[in-house]
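Chain lettering (A, B, C and D) follows the sequence in which the chains are written, and residue indices restart at 1 in each chain.
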Amino acid sequence: DNRAILLVKCPDKPGIVSVLSTFLYKHNANIIESSQYSSDPENGNFFIRLEFHCENLQAKSADMEEEFVHIAKDYNMTYDFYYRNERQRTAVYVSKELHCLLELLWEWQNGDLDTDIVVVISNHEDARSIVESYGIPFHYIPANKDIRKEVEAQQIQLMEDYNVDLLILARYMQILTPEFVGHFENRIINIHHSFLPAFIGARPYDRAHKRGVKLIGATSHYVTNDLDEGPIIEQDVERVDHRDDVATLKKIGSRIERRVLARAVKWHLENRVIVEGNKTIVFH
Amino acid sequence: DNRAILLVKCPDKPGIVSVLSTFLYKHNANIIESSQYSSDPENGNFFIRLEFHCENLQAKSADMEEEFVHIAKDYNMTYDFYYRNERQRTAVYVSKELHCLLELLWEWQNGDLDTDIVVVISNHEDARSIVESYGIPFHYIPANKDIRKEVEAQQIQLMEDYNVDLLILARYMQILTPEFVGHFENRIINIHHSFLPAFIGARPYDRAHKRGVKLIGATSHYVTNDLDEGPIIEQDVERVDHRDDVATLKKIGSRIERRVLARAVKWHLENRVIVEGNKTIVFH
Amino acid sequence: DNRAILLVKCPDKPGIVSVLSTFLYKHNANIIESSQYSSDPENGNFFIRLEFHCENLQAKSADMEEEFVHIAKDYNMTYDFYYRNERQRTAVYVSKELHCLLELLWEWQNGDLDTDIVVVISNHEDARSIVESYGIPFHYIPANKDIRKEVEAQQIQLMEDYNVDLLILARYMQILTPEFVGHFENRIINIHHSFLPAFIGARPYDRAHKRGVKLIGATSHYVTNDLDEGPIIEQDVERVDHRDDVATLKKIGSRIERRVLARAVKWHLENRVIVEGNKTIVFH
Amino acid sequence: DNRAILLVKCPDKPGIVSVLSTFLYKHNANIIESSQYSSDPENGNFFIRLEFHCENLQAKSADMEEEFVHIAKDYNMTYDFYYRNERQRTAVYVSKELHCLLELLWEWQNGDLDTDIVVVISNHEDARSIVESYGIPFHYIPANKDIRKEVEAQQIQLMEDYNVDLLILARYMQILTPEFVGHFENRIINIHHSFLPAFIGARPYDRAHKRGVKLIGATSHYVTNDLDEGPIIEQDVERVDHRDDVATLKKIGSRIERRVLARAVKWHLENRVIVEGNKTIVFH
């Protein structure tokens, strides 16, 4: 596969597209898809995602990257090259509710998630049989707040052993420490319910039901150490009404979580998501 | 018009539908639409909305209502009869943003809001010409927190003079006192923006933009004296992305507000909304 | 389980709700959910779905049904009693595309489809392993237009052997003869793509792509012998744009098919769908 | 206003983005927004929309366009420059139903449609007072199939007199001849209802109601001489159910038409819509 993605962020100024597209043209690379965004017309940051095709890319990429260093320096760019033949390696964390894990396994099996799911971690045994039926290693690591440090040390070790790029919290019901999160900046994707209003705290579905909300939703985001949540990748809602009891609301909620998480993970794996401060730019 | 609506709330127990439908049948009334709801299978409240047609209803309604008193007593019912030929009288409150007022006037002119809009109240002059072009009286009442009591006294007097049933706050940017709200229990409908998360406080669109939300929405609800909002009637959202600046978010927000408020008002006027505690049952 | 559903259709006239609710009340049955519809205010048909709870229902149901015969005669009713403890038996027909089958198995395993999936029939072997992993019998019956009669005879025999109530065509790519369809009136549910405009005939996704449609969708319906499709149970769409190639359109289409079919089947199993002429009344 | 848009179409080959962005950079133009699309990875057409800002654009544009001729020749480009200070001039055609016209006038008054609405044409008098209240000339031209040629000659003359760029058929219920359409290629935007299935021909809402569709929609498209419709710009749908009678379906349909037409017109005016064969590429 001779395709790659170049993600660039730099201070906005004239000529950036010109220098980038000329660089690719000189290397006989053909731009397949291009998306750009300026955070502010004046003194803002410029972001661009260039997906390109290039014959013999693997043979040429080292030279290209070496040459690119100079351009990046001139324009004060931070950047990454992602090669389609280098698949990201993913770990899924799950507890007792399996709907998000199942959706991910399904999409992955269909070829819709371009990644290797290399390991599933859980603080319960519920997911073992389904995970192992896909030939994926399953690690059961009991967890609670008293042994958090030991658990996380073990998990970090596993992430290294499996050489994991992306961690997906697919309804993993344990709090992560800042130390753990710090190991995987912008590489942990979480999913949780969302309501209007928010119903922060315990038993949100009961409270949403009591309040008679007409919409319930879900949000997928990167995990950060902020007290509130990290950068939002994707959100969606469905309509509900007074006849939906708490169990039905939860069922609808889990259906929304399934698809919101799957979309967020897909876009991350296609390098379509850029984190800027506490928000994301999603080039889909 | 020989149509009416009977709304009933009572403790749930067997036989309620039987006694109600037999009552209507004996008066030669034909049930056109019926919706019911039990808040809880055991020891809950039962709610029903019966829309019926009856020849010579105006001549017979006094007798029907007199007879119904006994049924209501037996079943411990609270109830109301609403007659389609008795249109509700509506007042609209507005400040400088006119989009919600315009939507209401339009729907009303089309015959889609079954009410008489008898007066528009504003703390600004912006809406005068459009309101008066529809032949509706417009009252300019300057307002600020220092003169709140006098302003509200004047408004309450106007509501009496115009014999108003329903008050719609169509982007009226003044806080109402508990005294005012107490005069119009479950008869004031408000509209405001809604986000996931909530962004309570000042400049919510700026903060939603900074946070990179993927959905923005609006909620229409009855006004109560709770610190947070009253019973929700209707909510909706639209999808946004990082390219939408604050002005665009506000524009999208105002489009959602237009249609959410119009739906909430329409359902209220058709007696489809029942308030129970801090939630609504909407029989649409 | 002491719950049942009574579905009734009869010529509309005053007193029907009264007689039905009084009947249930006399048998100490409590109405849990009630939905009704009149096809026309004058000379139309009346439809009602009553879900009720009754202590010792199994012991009493024979008496209830016997007594109901007289009411049905008086009001010229067609009707059915459905008891929650008598689960419908379902057969799924599938060819090579498994997404709809998988969604049904998943929902069924979660307890969201109140049925026994008793057999899966296919003209290919692709689904065998997944079906058998759920412990469901799988029958491979090769099919083509030259052997249609023999194939259908074999299938009808299997439906009898398995005592099947409902047939679901979950992307079964064989045409059914009127003889086959006639065996299972309003008991075969199909799913297919839908577009605006329709793109009837071969390669609809290619033509939709060539035409640049902005929405693609799916429709679930009962199978009839009309040249065009039978009564629609459910439809849904998703937004697409010019960047979506034919493969992506098909992927999105299959996602819509999954959820539209699952909803249609669920409503059918809950006896919420009534067929009237070539349309459905869905009491959800 | 120093902003402009450059729309380009040409055979796809490497280096196009490079030459375009370098051209703009040399003229000190800063790219604000860029969207591109390849119809096919191999031997396809390449499309790009570049929105740029340039100091003293009016003084420099003649030179820029002159220089661009050479680039266009080298790459076999068809292209257009659109300057934001040159507003397009729009004519609205309407018959008796005014909802689409009203939505356009409203959006236009809010500043959301960047155009001058210079004239409204109608074969009825219904719209006169509202149109004239906005200070827009209104021309009443009775029309029927017997006088089609004369009517169209008069309309074409008016389009010339008013120097019209865009014609919007906002529920104009007259068929246009190929001669008329040929005068305004890809410059006439129409709106009509859409259903799944299509219900081509007379009384579509009655037939959709009889068929029990669960979704109704609208499509906005360019008018061509094809027997079926021209390139689709935008589509949307809303959910309906068996309780919605024909009048309600029409009301919901007109609400969808309002917003679909307004979006299509907005995108056209922002030069976001490219027609390619019988489809559109919409860069929104």
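The criterion applied here is as follows: a contact is a pair of C-beta atoms (placed from the backbone, for glycine too) under 8 Å apart; a residue touches a chain by one contact, two chains touch by 3 or more.
Nothing here was measured: the structure is a model prediction, and the numbers come from that model.
Enquirer: Could you pull out the chain whose C-alpha mean position is farthest off from that of chain D?
Expert: C
Enquirer: Between A-C and A-D, which chain pair shares more contacting C-beta pairs?
Expert: If we tally the C-beta pairs in contact for A-C and A-D, the bigger total goes to A-D.
Enquirer: In whole angstrom, what separates the CA-based centres of chain C and chain D?
Expert: Measuring from centre to centre gives 41 Å for this pair.
Enquirer: Taking each chain's centre as its mean C-alpha position, how far apart are chain A and chain D in Å?
Expert: Inter-chain centre distance comes to 37 Å.
Enquirer: For the complex, give me every residue of chain D touching chain B.
Expert: Interface residues on chain D, with respect to chain B: 99, 102, 106, 110, 112, 133, 251.
Enquirer: Chain A touches which residues of chain D in the complex?
Expert: 13-15, 17-18, 21-22, 24-25, 28-36, 38, 41, 53
Enquirer: Chain A touches which residues of chain B in the complex?
Expert: Answer in residue numbers: 37, 194-198, 210-215, 217, 219, 228-229, 231-237, 241-243, 277-282.
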